[in-house]
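When the chains are written out, they are named A, B, C and D in that same order, and each has its own residue count from 1.
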Amino acid sequence: MIQTEDFKSIIDQYKVIFFDAFGVIKNYKGMVPGMDETFAYLRATGKEYYIVTNDASRSPKQLAASFNKLGLDITPDRIISSGMLAKEYLDLKVNEGIVAYLGTANSAHYIDYSGLHTLPVSAIDESNIDQVNALVFLDDEGFDWFRDLNKTVNILRRRNIPTIVANTDYAYPLNTQDVAIAIGGIASMIHQIVGKRFINFGKPDSLMFTFAYDQVRKTNPSIGKKDILMIGDTLQTDILGGNKFGLDTMLVFTGNTLPTDAETRITSSGIVPTYICEKAVIG
Amino acid sequence: MIQTEDFKSIIDQYKVIFFDAFGVIKNYKGMVPGMDETFAYLRATGKEYYIVTNDASRSPKQLAASFNKLGLDITPDRIISSGMLAKEYLDLKVNEGIVAYLGTANSAHYIDYSGLHTLPVSAIDESNIDQVNALVFLDDEGFDWFRDLNKTVNILRRRNIPTIVANTDYAYPLNTQDVAIAIGGIASMIHQIVGKRFINFGKPDSLMFTFAYDQVRKTNPSIGKKDILMIGDTLQTDILGGNKFGLDTMLVFTGNTLPTDAETRITSSGIVPTYICEKAVIG
Amino acid sequence: MIQTEDFKSIIDQYKVIFFDAFGVIKNYKGMVPGMDETFAYLRATGKEYYIVTNDASRSPKQLAASFNKLGLDITPDRIISSGMLAKEYLDLKVNEGIVAYLGTANSAHYIDYSGLHTLPVSAIDESNIDQVNALVFLDDEGFDWFRDLNKTVNILRRRNIPTIVANTDYAYPLNTQDVAIAIGGIASMIHQIVGKRFINFGKPDSLMFTFAYDQVRKTNPSIGKKDILMIGDTLQTDILGGNKFGLDTMLVFTGNTLPTDAETRITSSGIVPTYICEKAVIG
Amino acid sequence: MIQTEDFKSIIDQYKVIFFDAFGVIKNYKGMVPGMDETFAYLRATGKEYYIVTNDASRSPKQLAASFNKLGLDITPDRIISSGMLAKEYLDLKVNEGIVAYLGTANSAHYIDYSGLHTLPVSAIDESNIDQVNALVFLDDEGFDWFRDLNKTVNILRRRNIPTIVANTDYAYPLNTQDVAIAIGGIASMIHQIVGKRFINFGKPDSLMFTFAYDQVRKTNPSIGKKDILMIGDTLQTDILGGNKFGLDTMLVFTGNTLPTDAETRITSSGIVPTYICEKAVIG
């Protein structure tokens, strides 16, 4: 079993903490016990914190509400999601027409904005396909897989348009034993069939970290990358992305990585966290 | 536009012809006009022929019946399908327990045999999962994609069993414009999520050609690879596989490859057919 | 042949221009004729410009000197190279020990800095391998491929260290007809053999654009992404990366992409530039 | 540590044994101790055996000679190598012109035959490039990597010809600690740069097993796949390929796979051998 370190003595060395959401703050059982004290400590010691999450199924406001329900007082301005990158992309690059999406109406409401119609893939037909100027993979729920995945393939064969994957995770855990296919896994299949490049947002991609880092510097321009610690449960997203962006990183065992697997996975992937702690909890 | 050659003068040089089914003999419009005369000519001149198809959704008997309906007198013993390879694999390597499958009941009936229970993925639960000793991807129809693909992922996470892909095609054409996602595309997504090696049957894999070649030599042991011509509409399966097995190959334009694209595709893929003809039709 | 637009009327709409170096400003024949007038026009109209290049073989100072030789007055502070990202990574994340590299002594001089020894892979042996804390792929020249690529594989098998690819291009053009294997192609081979994740810098990765965008905003904080145009000759790096970062993009025909290929490549890749011009030259 | 079984009681159940060469019969230390007794036992009990090896650097005759030097009486007709498949391909499919190769003169001598000139890549120039009708990756030695790999890329850009990889292994062990890059790793890099499909021979591809199986049935037509056991040290080649071909398989620990790794590798790859033994040695 790999050696872990003391959480408190590590975070005392940093001014800003980035947390992954699922597997660090909460998991399928609910809030990781003790997280409320961790956030209380951060506030008491004047440290900044942000939640940096590959979640495109809900808006920052909705994500904050879900934390509040668990008893954590986290405000929407503390949340950086891959869905926010998808939204920024559409704002900057798609000026007119229809944005087709796969996901729930709720997830689409979030990327909706003036000037563009947002329509589920199921609502695209011969009458409007020529106005589709972007397609977004948002969530694995809210549509009929057989009908709408086949439809998506054919839309992308006929329209040469930007295709955005707002969450690149292939699967997410449902309980100790089972996982569910995530929208990133579905997008990868469609990509292989149509052969075109998709625009992938979400960790480990640097844009997530750039977005969060810009947010930090807006309120405190003197913060440098050396002052920030990224905490995550997944080597391939949180740790790889944090390392590449130049941050120190911490792996925790409350999510995807088990204490018994950690050493093998670190050695075989070559992705080495700066620290390893059992959980992001003080004491 | 790429130069084509005269079909009849080419086949006159060979003793045995292997035909791909979809895109050569038939397409979404029905039988390719003139194919009946092609087969009449082959019989008249004493040439052997086999249909070599990446189709695991039906048995050779059912496939032959579908040709008969189109007015082509093709017998089941002339048909080599990737489903036959899946069946042989199960016969040789899986001696007991349950074979779970994705596909129609019809496709499963074909691989069913004494000693093994064949059950759809939807019928696997806690009571029988420990008896599942193989899983087969057969057809893109006959199951609920959302429920059963998620279930498949979790079966493969819990059982370290051989997983067979009986048709590796990613998509198939529905009409001039649209395609449908094939079971090979779905299998590729599941493979990426669970990370395990699957056993893929079907062209371009050599086993398909070995199977067909063995069949040829059973009736005529003097036939060599030089005597056989493989005719197909797809560079990545028919032509690549035929070339690698050591056969001469012919590309036709009645299916996946258009005359306008052929040159670009051949150059960019490096897959060069021995001949190019408009269609596998005499005169 | 695809339709092109008038260069001057496009750049008049932007405040900042990002140029790829090779294939846009210069190519194997030397400076693209007319580029001096383009830069004179930018200066006369008060537009900012930056060279954003996947070149890790030389420092910004050396790159500027090479432009000066061609008659272009470009200063080092205008140059953003993937080598700068490699240097920043080492500054932030590798505090002690040896950085081993593949490349010329010249390319290594650039990443050299206080506190770290920079040594070519050829100088690593049993006496110092345990102090190697990072390995950088810098340039395809300056080492014996057979000896040092084999050595690199074995260093990476024994040391679980960050491995940086400072230029991810697989090949670069030597003349109209021939290309040379680039260090990115070599790194990809080593990656497949050792199986570990490497840290890749260079377009299309967003960090290159973040770096350049930060530079722009240091001198002019009011500039937004909408004010910037990225000009490049390669769909997979310049255009894909620029699009994803949220910039408008222009494809030119003075490098990797030919006017005769452009349409096919855009359609098959799904990477669509905002504009297409013959060259980045006025009048 | 994974449980192993008794070697003798397993092979007693089979009529024919296929052995991988490197890692089973010999390794970097020389012959695996006791192999001479294994072969004596096979002869005494009338069992057939074949060496099925991904080695294209030498002819069966030379390979047999190398076994004889180690004290093993193995005749050339017992050896099936991936080089034999490359040779068969050239015999069937390339009728005239030059076959260019990467490897030693010795490896090329083997594929040389009447009607074709075999020339090293280094001997190809403007005067003869138009006659090059195939290119073969044979061995990682015998050429200047920098000069000849760059040349190979440019030959394949100009000539749309079949490209054969006669050994798909990426690396091979030199001693307990170090490996060497194999010609399959080099071929994979060149493939990524030129983007064309190569023709790969060697395990796990079925053609190797078809070739060996045909050999078996020539002398004894009553042998079926159930009568054959494939013994190898590598999951991804010997075991995967053997399983797919329908053979029972045995993993041994005298080569690439260590007893401490075996369970993790089997679970993560999903490649399950029928048996696991410490070594292919009796008693």
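In the analysis below, a residue touches a chain if its C-beta (ideal position, glycine included) is under 8 Å from a C-beta of that chain, and two chains touch if they have at least 3 such contacts.
Just so it is clear, the structure is predicted and the values come from calculations on it, not from any experiment.
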For chain A superposed on chain D via Cα atoms, how large is the rotation, as a multiple of 5°? 180
Counting C-beta pairs in contact, does B-D beat A-B or the other way around? B-D
Let me check something: if the centre of a chain is the mean of its CA atoms, which chain is farthest from chain A? D
Whole-Å distance, C-alpha centre of chain A to that of chain D, is 44
Separation of mean Cα positions, chain D and chain B [Å, integer]: 28
Could you grab the centroid distance between chain A and chain B? Build each centroid from C-alpha atoms only and quote it in angstrom. 40
Residues of chain A that touch two or more other chains sit at none
Contact pairs between chains, per stated definition: A-B, A-C, B-D, C-D
Going by the contact rule at the top, pick out the chain C residues touching chain A in the complex. 88-89, 92-93, 156, 160-163, 194-199, 205-207, 210, 225-226, 236, 240, 243-247, 266-272
Can you list the residues on chain B that touch chain A in the complex? 144-146, 149-150, 153-154, 157-158, 170-171, 177-181, 185-186, 188-189, 192-193
